[in-house]
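Two complexes are shown next, each including subunit A; its partner changes from subunit B in the first to subunit C in the second.
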Partner chain A sequence: MNKVKTAFSKLPGILYGLIVIGLIFSVVAQGFFTVSNLLDLAKSSGLLILVSMGMSLCILSGYIDMSVGALMSLSGVVTALCLKAGTGLLVAVLAGIVTGLAVGSINGALIAYEKFDFWVVTYAMMGICQGVALKLSNGNTIAGFKTDFRFIGDGKILGIYFIIWATALLCLVMTLLCNKTKFGYNIYSIGGSYQCASLAGVNVRKNLFFVFVLSGLLASLSGIMLAAKSNSASPIGGQGYEFDAIAAVLIGGTSFEGGKGKITGTIIGAIMMRMIRNGLNLVGFSPYYQTFLMGLIIVAIILIDVVNQHRKKIQATRRVYK
Partner chain B sequence: MKRALSLALIASMVLGAMFTGCSQDGVAASTPAETSSEASAKENTGKKNVVLILKNLTNPMWVEVKEGAEEAAQKAGVNLTTLAPVQSENNDEQISEIEQSISKGVDAIVIAPADSSGIVPGVEKANAANIPVVAINTKIDTSSGAKMAAFVGVDAYTCAVEISEKLSAMMDQTGEVMILEGKAGAQTSVDMVKAANDTFKKYSGIKVVASQTADWNRAKAMTVTQNLLQAHPNVRAIFAANDEMAMGAVQAVAQAGKEGKILISGNNAIEDAKKAVDNGQLALTMDSNNHGLGYTGVETALKLINGESVDEMIPIPTTLYLKK
Partner chain C sequence: MSNSDIALQMKDICKYFPGVKALDHVGFEVKKGEVHVLLGENGAGKSTLMKILSGVYPKDGGEIFLEGEPVEIHGVKEAQALGISIIHQELNMLTERDIAQNIFLGREPVKNKLNAVDTKKMYADSSALLQKLDIDLNPKTMIKDLSIAQQQMVEVVKALSIQTKILIMDEPTSSLTQKEIDRLFSIVRSLRDSGISIVYISHRMEEIFEIGDRVTVMRDGKYIDTVNVRETDMSRLISMMVGRTIDHLYSRTYHTPGEEALRTENLTGLRFRNVNISLHRGEIVGLAGLVGAGRTELVKAIFGYDPIDSGTILLNGKKVKRHSPKELVENGLVLIPEDRKNEGLVVQEPIKNNIVQASLRKLFKNHIVNKEIERKTAEKYHADLHIASSGIVQKVESLSGGNQQKVVLGKWLCTGCNVLIFDEPTRGIDVGAKAEIYELMNQLVGEGYAILMISSDQMELLGMSDRIYVMCEGEITGELSKEDATPALLLSYSIGKGGIESE
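Here is the complex of A and B:
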């Protein structure tokens, strides 16, 4: 029994919130609890999950990457242009990924090695990526791809979308990376205290560099999938994803202070973001109320989390003084 | 743990109550009898469901379209749900909204696509589910096999040509012109700017000296216009891709003390803009009959649900709104 209890307590508290809200929507939102809707929901969550996991690494180490949304658009546009130029699927996807790696490396190099302020660097990079994406596409949406590329977005393996499989795999990799590898531990220690980590012999710069490279990589993957999913690469398609990703990370219980939080929480946070929108749409809520309610629900979730944390702290002190 | 769970449950109950409570003044509800979700579910089985998906709900134009659609729905006694992407003109969000509508089981979809070709994956799904799709304001790209039951409205390119022709005539086919573009990458903006450039190019006396985006936004348009007026003090006319931006330009021009010297054109004929035209601050705007667009869109969808045949192209007459 105790084993079960500890296993449960290890799960992020936000999971209960997800289940509760899911149950409410199943009752009030017609068409929510259907296979097709849940698959569509998982698919659109997948895109946000990828970006959020990268953002999660950044926030865990005490930084933020504002460039991910624009980078998504840019990677999508680059891939689309390659496809339109007649390159093979593999080359086009690789070009998109290389874009992400390049932008991530520049972010990483400037922030980790040159010690530039991360807000300034990633904000500037956001503008640069957005501008290049608009210029490359002349502001137009590049649309209509062959079936091989569209398979990435719409294809199913064993009845489940390819995007969902890919996301699941990446979730597994990232969770292991954070919880089981030296790199993961280093991120937590850098986020806890940059100086301590450095004194303890962690190669802070190298680790930070790779945090931003990974964030860029995940954003580009998400951007390519977005293009495949909508059969079109819009130069503004990724707009707003950076804020959604930050919100997903925070909902998932990761603190802005750095060093505290879990990647699993972020994954659930991202699903939560998309689920609330999906459910509210199905209920038929006016878009005016939607953003308002979204904010309200997020505050409620964080409030419950704070109360929970506080209670745990009190319990811990009680144990000490017993 | 128990306390956390109970907290979560209480929060969920409150939220649940809000859903059912609020959906009454939401667009979906129509009769006061709908006090619980059960009741509305029962009622839904009898009534037809139509969903209206817009480009955004921040431009007054789309609010007018929504009102028109609601009037048509109320008259015919059907449930109408209005949706719009949180990020204005986000194609992916619109696709998700189509998918959700299919899951919900609507009888028809009326949509103003953010992008003609970008929306295709969503339309294909609706086609597969045998749900008729009516496009308003912006056409759906049918070249790859997606089926659009009908198109209601006049496309942005045609509208913009008419506006820029009138503007050219008003400036006697000579002088410098500035263009205020809509959101970068948005199709309506791309089409309108192309139309304006194509038209102005025909007249050798007219020179487009600047073309910049102001994000469909009044405040941004004011700043952009102020900056551009510094660089191009001799401008004769400003072509704004919507009325919100035109109104921003009006403010900037007034502040620069050039009121009456610069001709400004808008688009959509929102209330503010019509007043400005009557006052002579704005040269012209295009009345694209937004109310009629929404009304006819839903009306057409209802005809399709009832199995009546409709025209593939249903133009909504547009008129230039000029000073009387």
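Here is the complex of A and C:
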């Protein structure tokens, strides 16, 4: 019984928020609590989860990657153009992934090794990726793919979408990477104090470089899946994903200061973002108000967290001084 | 002396920073199993020399020998592999991680090719290390839940978690109180007896005689001399350090206290309760206590920076109504904070901007900064306080600690204040500059200013104060006049034992 209790106390508090919101929508939104809707929800969450996990690594290290949304578009377009040019599925997907790795490497090299400001670099990269995606596609959406590529977006294994399986696997890998490996430990150290990590002999630059490479890789995977899911690669398909990803990370309890937060929180944060949108769509809430409401919800969630932290701090102080 | 006694030899070490020769052919030698104190003013090159030894900086010239063997050290990891550990001056802890994660930072044990961290081994090893040094802490405790002293102990454990032959401690006691220092020293002695060589960097002269075997003095990036502690005395060391003699560190002229400048009545806040203190013009009143006793929290609350729960503050006989720093500064009370780089100054800005920073409204009535008034005002305080710099446009970050402190003082004097609260006025300031700060404080009270001074340096408290209040766990536990105050009495009040008689 006690073991169960400690296991529960280790879960991020935001999980309860997710359950509450899920319950509310189950009651008020018709068609929310159905297998097909939940599978769709999981599928669309998956795309955001992938990008958000990359963003999570960046924010945990004390940085941010603004280029991920545009990179998603670019990777999708690159893969789509390869497919249209008649390459095999594997080559096309690899081309998309290589795009992500390349962009991530450039980000990482400039930020970690050349000490460029991360805002400037990733913001510029956002523009570059967007521009290249628009040029390559001549501004057109590339639509209509063969079934092998569409399987990535629509195919099911054991009744569950391929995207969900892929996301689940990557979630597991990323969680283990963050919590159990030296690389994960180093990310927390660098985010906690850059100076402290480098004085302890941590190869800060190498680790940071790989943080941005991973962020690029995850964004490109997400971009390819987005193209497969919608059976079309839009040159602006990933637009706004960088902001949704940052929101997911923050909702998930990761601090902007770095060194503080959990990948599991980010995963739940991403699901929550998509669940709220899905539920509001089903209720028939106007999309024009949705963005506004999402903003309010993010502020509310973070406010609750801040108030909680503050209360805990005062309680701890009183304990020490009583 | 046979060569096998020598643990470390550094010969002709040179280091250049842009525009500065930080180390100029410095030699340094440490025997096995000794505590070797490295002494010098701020900027003398002690920390730079030790950073070269521990692999943080590369050297630009010279040789290093470990037990007679020449070595090249290219990084922190290499230094660690050679058995060289360093505890840096500033605490280097990840506050959001636990003790074990900090101890093994950068050297986490792995259990397979995937670099998975062997947490079991990490926590077990940490427990063993903590036990070995007799420190009663759970390795899963978060650093943010530890006191500064406990964090310092964890730093020691961290340094010893590698096979250490040479342990470098850079001002390890700067944030500890006497009791904690005693504890640290007993650990240092037992390490020394087990054959580890300890390089000990400190500003505190008394400590050298308590813990050191030999002393090497550096000045302006140069090696001066190495002497046995038993064969020297404080004034000789000081004159070696500063290149001149300082007769009286604490020079006080006492005055009859004037009218009451500051008074608190039953002041209660988050970390202090029922505080009644009184401060008169022409007085320096000390505020003693252990780190964590609530002294900084108390003065921050008096200054209006932190909220108070109940009680009143009277400033120059008038009750403070709107409790905020703005209100208090306008009425003449100012705080010279402990953390001057973050709380006292805008270090990226030049001296002149810092000096007028708090007086903009007073100096520039029409909201437009008049460069001429700014320059004249800044130059007045620059000259009055003898700030050593290339001029008022020099950036504050490039000044020494003592001169930075003078800039903070200048900023507040410019506002026309009359009550000054100093929180650790000379922390991290070298001896020569200390004497200047003390002289300034002495002048100020002579001119009718009132000074409340928090200090963890007993010599400073006893040497400078008219009266001393002692705090323990958020309460004032005693008030001592300068005639009655002794180190032992201060300590017994600080740990809440009241007078000695209750012992």
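In the analysis below, the second predicted complex is superposed on the first by the 306 of 322 C-alpha atoms of A that agree within 3 Å, B and C clash if a C-alpha of one lies under 4 Å from a C-alpha of the other, contacts with A are read in each partner's own complex, and residues count from 1 in each chain.
Heads up, the rule we're going with is that contacts are C-beta pairs under 8 Å (C-beta built on N, C-alpha and C of every residue); 3 or more make two chains touch, one makes a residue touch a chain.
Just so it is clear, the structure is predicted and the values come from calculations on it, not from any experiment.
The superposed arrangement places subunit B and subunit C next to each other on subunit A without a clash. In the superposition on chain A, A:146 makes contact with neither subunit B nor subunit C. In the superposition on chain A, no contact is made by A:115 with either subunit B or subunit C. Within the superposed three-chain model, A:229 lies in touch with subunit B and out of touch with subunit C [touch as defined at top]. Geometry note, superposition on chain A: angle between subunit B and subunit C about the Cα centre of subunit A is 130 degrees, to the nearest 10. Within the superposed three-chain model, A:199 lies in touch with subunit C and out of touch with subunit B [touch as defined at top]. Look at A:28: by the touch rule set out above, it reaches subunit B but stays clear of subunit C. Here the smallest spacing between CA atoms of subunit B and those of subunit C, following superposition, is 20 Å.
Contact residues of subunit B toward subunit A in the complex are 1, 3-5, 7-9, 11-12, 15-16, 18-20, 22-23, 26-29, 37, 41, 44, 57, 79, 81-87, 89-92, 95-97, 99-100, 102-105, 115-118, 120-121, 141, 143-144, 183-187, 189-190. Across the interface of their complex, subunit B is touched by residues 8-9, 13, 16-17, 20-21, 23-24, 27-32, 34, 36-37, 40, 44, 47, 134, 137, 139-141, 143-144, 150, 153-154, 226, 229-232, 234-237, 239-240, 277-278, 281-291, 293, 297, 300, 304, 307-308, 311 of subunit A. Across the interface of their complex, subunit A is touched by residues 55-56, 75-77, 80, 88, 92-97, 101, 105-108, 110, 114-117, 119, 145, 270-271, 294, 473-474 of subunit C. Contact residues of subunit A toward subunit C in the complex are 176, 180-186, 188-189, 192-193, 195-202, 259-260, 314, 316-318, 321.
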